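Structures incoming, each one as structure tokens.
Two complexes are shown next, each including chain A; its partner changes from chain B in the first to chain C in the second.
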Partner chain A sequence: MPESMIKEGILATDHTNADDQEEKKILFYHPIEIETNEKIRNVGLCEAIVQFTRTFCPSKPAKSLHTQKNRQFFHEPEESYWMVMVVRNPMVEKPNKDGKPPTVEYQEEEIIDSVYGSVLQQCYSMYKLFNGTFNRAFEAGGVELLIQKLEKFFYRYLQTLHLQSCDLLDVFGGISFFPLDKMTYLKIQSFVNRVEESMSLVKYTAFLYNDQLIWSGLEQEDMRILYKYLTTSLFPRHTEPELAGRDSPLRPEVAGNLLHYGRQRLDDGRDGFLTGPVNLKDPDAKFRFPRIIVNTEESYEELHLIVYKAMSAAVCFMVNATVDLSREFCEQLDGLVGPQLTLLASDICEQYNINRRSSGPEKEPQFKFIYFNHMNLAEKSTIHMRKTASVSLTSVHPDLMKILGDINCDFARIDEDEEIIVKAMTDYWVVGKKSDQRELYVILNQKNANLIEVNEEVKRLCATQFNNIFFLD
Partner chain B sequence: MSDEYYLELSENPVQFENASSVNNVFFDEANKQVFAVRSGGATGVVVKGPDDKNSLAFRMDDKGEVKCIKFSLGNKILAVQRSTKSVDFINFIPDPPQSEFSQECKTKNASILGFCWTTWNEIVFVTDQGIEFYQILPEKRSLKLLKSQSINVNWYMYCPETAVLLLSTTVQGNVIQPFAFKSATMSKMSKFEIELPSVPKQAKLSLSERDIAVATIYNQLFVMYLKHHSRTTNSPGAEVVLYHLPREGTCKKTHVLKLNTTGKFALNVVDNLVVVHHQSSQTSLIFDIKLKELEGNVNVHQPVLPALSINPYKVPLTGPAAAPSQAPVPCELYSSSWSVFQPDIIISASEGFLWYLQVKLQPTLNLLQDKGKLMDFLLRRRDCKMVILSVCSQMLVGGDKGNLTVVATVFDKLNQVYKEYLDAEQAYSTAMESGPSRSSTCKRPVRTQAVIDQSDMYTHVLSSFSEKKGVKHKFIIAVLMEYIRSLNQFQIPVQHYLYELVIKTLVQHNLFYMLHQFLQYHVLSDSKPLRLATANDEIVEVLLSKQQVLGALRFIRSVGGHDNVSARKFLDAARQTNDSMLFYTIFRFFEQRNMKLRGNPAFNQGEHCEEHVTYFKQVFGENAMMKQVTT
Partner chain C sequence: MERSKIRGSSEFLSEDPLTESAGVSDRNEDVTSESWRSHRKHVFVLSEAGKPIYSRYGNEEALSSTMGVMMALVSFVQASGNTIQSIFTDDHTVVFLQKGPLVLVSVSTSRQNEQQLRGELLHVYHQIVSMLTQGSINRIFEHRKNYDLRRLLFGSEKVLDSLLEAMDSDPSYMLSAIQCFPLQPSSREVLDQILQKAVAPTLVFSFLIANNRLVSIVQEKTVLEDGRLKPSDLHLLFNLIRASSAFQAGEIWMPICLPLFNYNCYFYAYVAYLDPECTVCLVLLSTDREAFYAMADCKRKIEEAFVTLNALECLTNSQEYKVEDVVITNLRHFLYKPSNVFDHHRLLPQFTCPEMPVAYRTQEERICLMDEYRNLYNRIHRITRPLKLIYHSAEGETLLAWVTSKFEMYACFSSLVTKKSAISELTKLLRWIRKEESRLFICHIQKHSSTNQSGKNSSTDRERSNQPNASETGLLSLL
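Let's look at the complex of A and B:
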């Protein structure tokens, strides 16, 4: 059953250096119900595997362990802190004659290592964005504080993971950039600079339109995870409250408040703060914003995350968390940003439509693709429908997605540029191209085409769709 | 503080013998000449012009008191009026002076009020009963009447620049009949009425010529009427009313300049600004009719700047008492002996000085706080370039909040003018290409000082600003981006050195992700990517010097320049890090590049990488070298 693809999630450390007290090594264990002895056994096993594989390659210990029923993923995000995720292999039940119970067959090759390895890393990044590093918490409040933080965060977070819909895009963890003409882009620059100048508390700004990034003042790695949070968690809660209400596995007690806010904003048709106070005029309004932690490697900055929205434009203003934000600040920001952003949003919309119209009528293309650039994390997919809080919908068969994942694994093994063309069982052609730092995956629906024709088609496609992206032949 | 006065008298005034009982002084606005006539000309006439070419001295017979004396254009013929009936002429061609000849006015019983030269040999007599337009035939020593017009005239006023003559008619004198002159033709323009402050009780001359001036402002002819404060109206002070007088069509009241005070005034026009001198307060006001303050269909204007005196002026002592060593004495400004002439002339007849009034722009910087308005003002001035550039420099170090909005406004104003010039230039060259026959109608656009182009901004403002200590890099980048935004908004192609400046600033502060995003949206790319080469080299240098070898490689690859970079430079830097894996990576990268470029992983002779190849073999062994694939 999909909802319980995660069999176990373990966070353990040998940081406490308590060899005699195995139990204390466990910082977080999901599900909680499991008996302590079993927990200890499982953690011991993981420890053993990691230690054992380390003898073969000290710098690269094992990342995953394949078994018949499960697959285990190991990740050491900080020294001596281990995260383990155990994922159940899909099962197929084969009915038996004579009323015997059906035979269960585990599909051991369905799960792609890179996808779930990335999911595990993402868990850590998301935790770190809101809580900082494990070690910081440990140093500040000992193991008790760390456990408390972990429980608070992961209890909710694990419920929002939708492992069954994870795919290649999770491996990339890319950012979708909004296509925009130079002039409108410069106007946005100008807007951001002016706000940062007049509101000197604002340290960083990120600008998004239509859930796609246009500008980030944050560094790339921080933006990557913030983008993930915004597009898969914060925005969907505010734009699709009905959907979230019906289908979302978010538990009511978690989603309730947010849902309420979301609906109210939607009904009002009013824009404004997506985080912090719903209504500035409310005398009881609280001026509390989510805190995020960025630049953990260097300056370790703690920031208030203010997200402000007008039409399809959303701007994140990040303010040093040591400053308490007041009503005056919020009113000032609202007064400054509100009118300008609305204007800018309609400008962007207008420009976007002009550009789209000038590029000709949109024909249903014969192909679908995923593009990713490792340099700037730019990703583009015509395979995926809009991502929602609940599920990421793809428009192609899971088998094809699996092929994409496999090609990606092949690419990851070798540094050099490559091209792989696969004819899928379902008459589709799948082409993977890796060039420089860029990867392109194309799915062609041309039944009778031969290899040469497919190759020609992809070349043509690169020339028309990616003419400003440099591809090596 | 001499640098706060925005008006000054010209440094080298025209000096002449001061007016006295034996010396009459005349001024001709057309040639800007001062005539000092001693004893009716018998003991000499000295003519001083704005420069020595226009200065001369001669004698003429004393035939009675001179009422008016003027040269025709180019000092060809001298006209002297000594009576109300006739004007006398002296040919100055070929050699001065020859004997006089005379012309009486044709109209019976009319008395001549004065005359004006319209060309070198055409003259208009203005009488109390009309005008007579003559052509002079100097060889024949006679005049030919070209045209005449009969009309009652109270007084007249002539604008030599446009050759337009205004006649005050009717009993009250407030109906003005203008005439325009052009080589032997005279045309009547439509007449207009000047609104008097109050309707006079008796029918008497109510409009004095002292209250009227004509001048061209922004290439348009205006009649300026000094409307005195009237007790019957509620107006708090006097005002100057401007009537626009077009070549064709009707004259309209278009601008009202509020003086907010009363008393005795005089008008000048300098650099398209109307200057109003106020005698009792000894101050002057300036107005710019293009600074918009709309109110109804007449533009009502307040002074651009606070009222200030003309810059105090010192003159050397003259006369027999003066010794060369004596210090100059302060000159009495706004003296009652001053006469003011259009457009920009002030004459002190009693002291013997003629000055040009000048506007100093530098003091306006501190007097006009609104930078947008200041820019509007400066962009329309003649010698504005350096002042505008210093405004730009000044506003960038101010560091006030909301400064960027001001910066943006100023950049937009500058670029609007810049763009208009570029368009005009473009239209001109298109016309030139389409054939010389058509291009004769199209004049090459004049580049005024108000055209501040990218190289001006770069040289005088941006490059030094970007290196200024103590300015936040965030602000520097914001300003540079704002300038680029403004250029783009006016569709002006951005010059590569501006991009280089942005890139340099970003790199110096390790803002690579920002740089990357700019490149991604093609904000920092012009039509010729090769131009960026210099900037890229600089970035690579900075990165290599910081031992960020991989970063440098990543950067150069992101701009697609890795095929042309010097492999040796990178390998040198990699060797210096003492990180053998890094060296391996860099070496392998270039092997692959060589392979791609030439089908062979080996380095070319010219790349001087032999030393590194040897080192590579030493550390990693011969076998680690990439092999050429042989097919």
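Let's look at the complex of A and C:
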């Protein structure tokens, strides 16, 4: 097995103002230890590259730079603010005979641009969720405030990035929806309405069950990044803190839980507030709700994020940040929401178990597939057994995941319905289907199958799970 | 029909390669204009000192500042012990290649992958070497870093233009193989013998080309043992001849270096057309600059033999075959490259493909189809995750790429095809190719009759032994 180097992320943001000196342009640079001159050089290179590509296309400048040893990704999230991420190419040392030093070979093909480009964009979205836009910060408190915010956020956030486990799902940035019957869905809907009516301070609500979304009142783009935060940061930290870390082993009983589509269980018995007054009973404990900023294009709203949990259900209440949320408010919320949510959660659980029983016990999902719908951001993967920021357990070889990435790149080239079937060297078959705004990737481990048989298998999958969605033969 | 007979069915060349066509650049094009920016593929060649040498579109002098920036990027990255390789934007890919004192840059919207674009730049570099030799280039820049190489390349822009255009629409570059003129083995043998007998002391290679397809090739035995003639060299040779002498009656004598064979020395090429319509071309390569008359003498012998045996007949009468000849409904076009079929095949990789169908007659459509093939090629031959088969159905067409130990094949079907019919058509196609094999490919490379008769070549490095021949159906069950 070739040894792969752990990639490092270096992020530099710069505000290209012609009057500023070179050094002043750098708003954030990681790792901090790097010499200033070196930083300036690197930033200068990025500027030169972007400028150069404008010669050929003024409106769409550079997105990435490939060199032998590393790859750099560029992103301009707001006008004249640039983000750059540098990722090292994995290296393989090939031993040489005659006592010569081993030759180093850089494996550039292992890095797929679309994946890491998306990761960089997500970095910005996550920053924006908790800090608002760069421009706002600059307007409010000048460069100093902006620098402060960037440092505070990215220093921590970069440590949570585990670039080696990034794959196609990062390109999608989708949301996993919990499948529900109509009755239960309506119950949830009316619960949300009731709470919003009785507590007029609540502006938006989102309802999740076991890592999956059921209902959200937020704009899609905002919910997308909030979902990522909840499922990769808040929930893991709370329920199974050792799994939120980087190199933690899995507990055996947890592994059992994971097998069922890898849905993480929130039901560790601890209910109540996940943000804010985690321990409501202690009257002296101070608390603070995290603040998020949404709708940055239009109304630019800053909100308190209240996350309340009962068994496996979690509800997010978002309240205008100008309101001061007192202990009384929290107790009121606790009293109102607690019992109703607990009831609802057990209802859902019951429905869920009924469904499971009727569809038969599944030790392991029959088909390995990934599905994504660009319109509602719905994603579903039976390949990932666990996906957080730091860990990604997939049940297929990473090379196959990269083949999926390649097919996704092919799909992105044209806006037509397409189907790509591929047979890998290991005799695995990979099928990619794109129809309207939906993409489906299936991996089949049927070495002796031929094209027709593979086609039939996929048809069967589509008939059971994706009725009437994919039409191409 | 008549017209195509006169000019030869140059399927992969536009009608007038040297004058009005989409690919030929207007050297005075305004480099700040939108139309310049929107060209599909720019290629720039500059020296390490940042001096412009060539630009496909526009005047390279007007681009000297842009080229200066390119050189700056290259050296900046080099300064930190790294090598710049490429830059990606939404639409463009910029690829860098440094060979010795020359830097080549491609700016392309063709969606080809980096390796392919770099391969094309390498061809451009080799074409320059074919005109100057690598040794000279290196020496010149060693003495004078600021040397303006255009002084030596004056008038050769059209050779590079023609190469770039050919690379866009000719599959031979992508496959690194030669497409031969389909001929009955008996006829080909006759022609081989004619060439074989016309020898001279310094004659090393003899080629007979008809309608831009290789008909016959004869080599000098000892030369063969030194190194194989690679398809890349042949492409450069043919391109050079085509760009400098297409449809010109009379004899041409010009130096040419074959970079992959020997990048430091010149061969001297004697080029003459054997028919009044200039479709049948004879090329004799000699190692001696003074051997013109000896070569002309060989040509005369060949001409006489041609007249005696009425050889021109079979060359001017043969046509490209069409997909329809194979009697298949949905298949529009294909490329087939055998790998281990003949022993001698390793000496000269070849491929075959039919005439372009009606749907792909314009240059633009051809390039589109080639782009699709190139994309398949990239994916299937990817170094770290190569594939065995790709089946891609889209609204415009259905494409298939298939690599086995015996061959690689790329096919384009109409989008109406079902998987079942695609497979049965492929079966039919493979059977047809097998039947026609001896006609479609050059099976033996002859040696000059002044040397040993032995057909064996002892110095070729043997690849791993052939696998036992699978029957067609056996092979297709894998599909």
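Brief remarks on what is shown
Criterion: the second predicted complex is superposed on the first by the 412 of 473 C-alpha atoms of A that agree within 3 Å, B and C clash if a C-alpha of one lies under 4 Å from a C-alpha of the other, contacts with A are read in each partner's own complex, and residues count from 1 in each chain.
In this section, a contact is a pair of C-beta atoms (placed from the backbone, for glycine too) under 8 Å apart; a residue touches a chain by one contact, two chains touch by 3 or more.
The model shown is predicted, which means the values in this text are computed figures rather than measured ones.
Superposition of the two structures on chain A shows chain C fitting alongside chain B with no clash.
Between chain B and chain C, the partner in contact with more residues of chain A is C. Of the two partner chains, chain B is the only one touched by A:Glu219; chain C is not. Residue contacts after overlaying the shared chain place A:Glu416 against chain B and chain C alike.
When the two complexes are overlaid on their common chain A, residue A:Lys63 makes contact with chain C while staying clear of chain B.
Look at A:Asp406: by the touch rule set out above, it reaches chain C but stays clear of chain B. In the superposed pair of complexes, A:Leu45 makes contact with chain C only, with no contact to chain B. After overlaying the two complexes on the shared chain, residue contacts for A:Asp334 are found with neither chain B nor chain C. Applying the stated contact rule after C-alpha superposition, one finds that A:Asn455 touches chain C and leaves chain B untouched.
Here's the short version: in the overlay, chain B gets within 6 Å of chain C at its closest Cα pair. Shared interface residues of chain A, touching chain B in one complex and chain C in the other, are 416, 472.
If you check the complex, the residues on chain C that touch chain A are 37, 42, 66, 69-70, 72-73, 76-77, 80-92, 94, 107, 111, 114, 375, 379, 382-396, 418-420, 422-423, 477-479. Residues 401-405, 408, 474-475, 477-478, 481-482, 484-485, 488-489, 513-514, 516-517, 520-523, 554, 557-558, 560, 592, 596 of chain B are the ones that touch chain A when the two sit in their complex. On chain A, the positions that touch chain B within their shared complex are 177, 180, 182-183, 185-187, 189-190, 193-194, 196-198, 200, 215-217, 219-220, 223, 375-376, 378, 416, 436-437, 470, 472. Note for the complex: chain A touches chain C at residues 41, 45, 48-49, 51-53, 55-57, 60-70, 107-110, 113, 399, 402-403, 406, 410, 413-414, 416-425, 427, 450-452, 455, 472-473.
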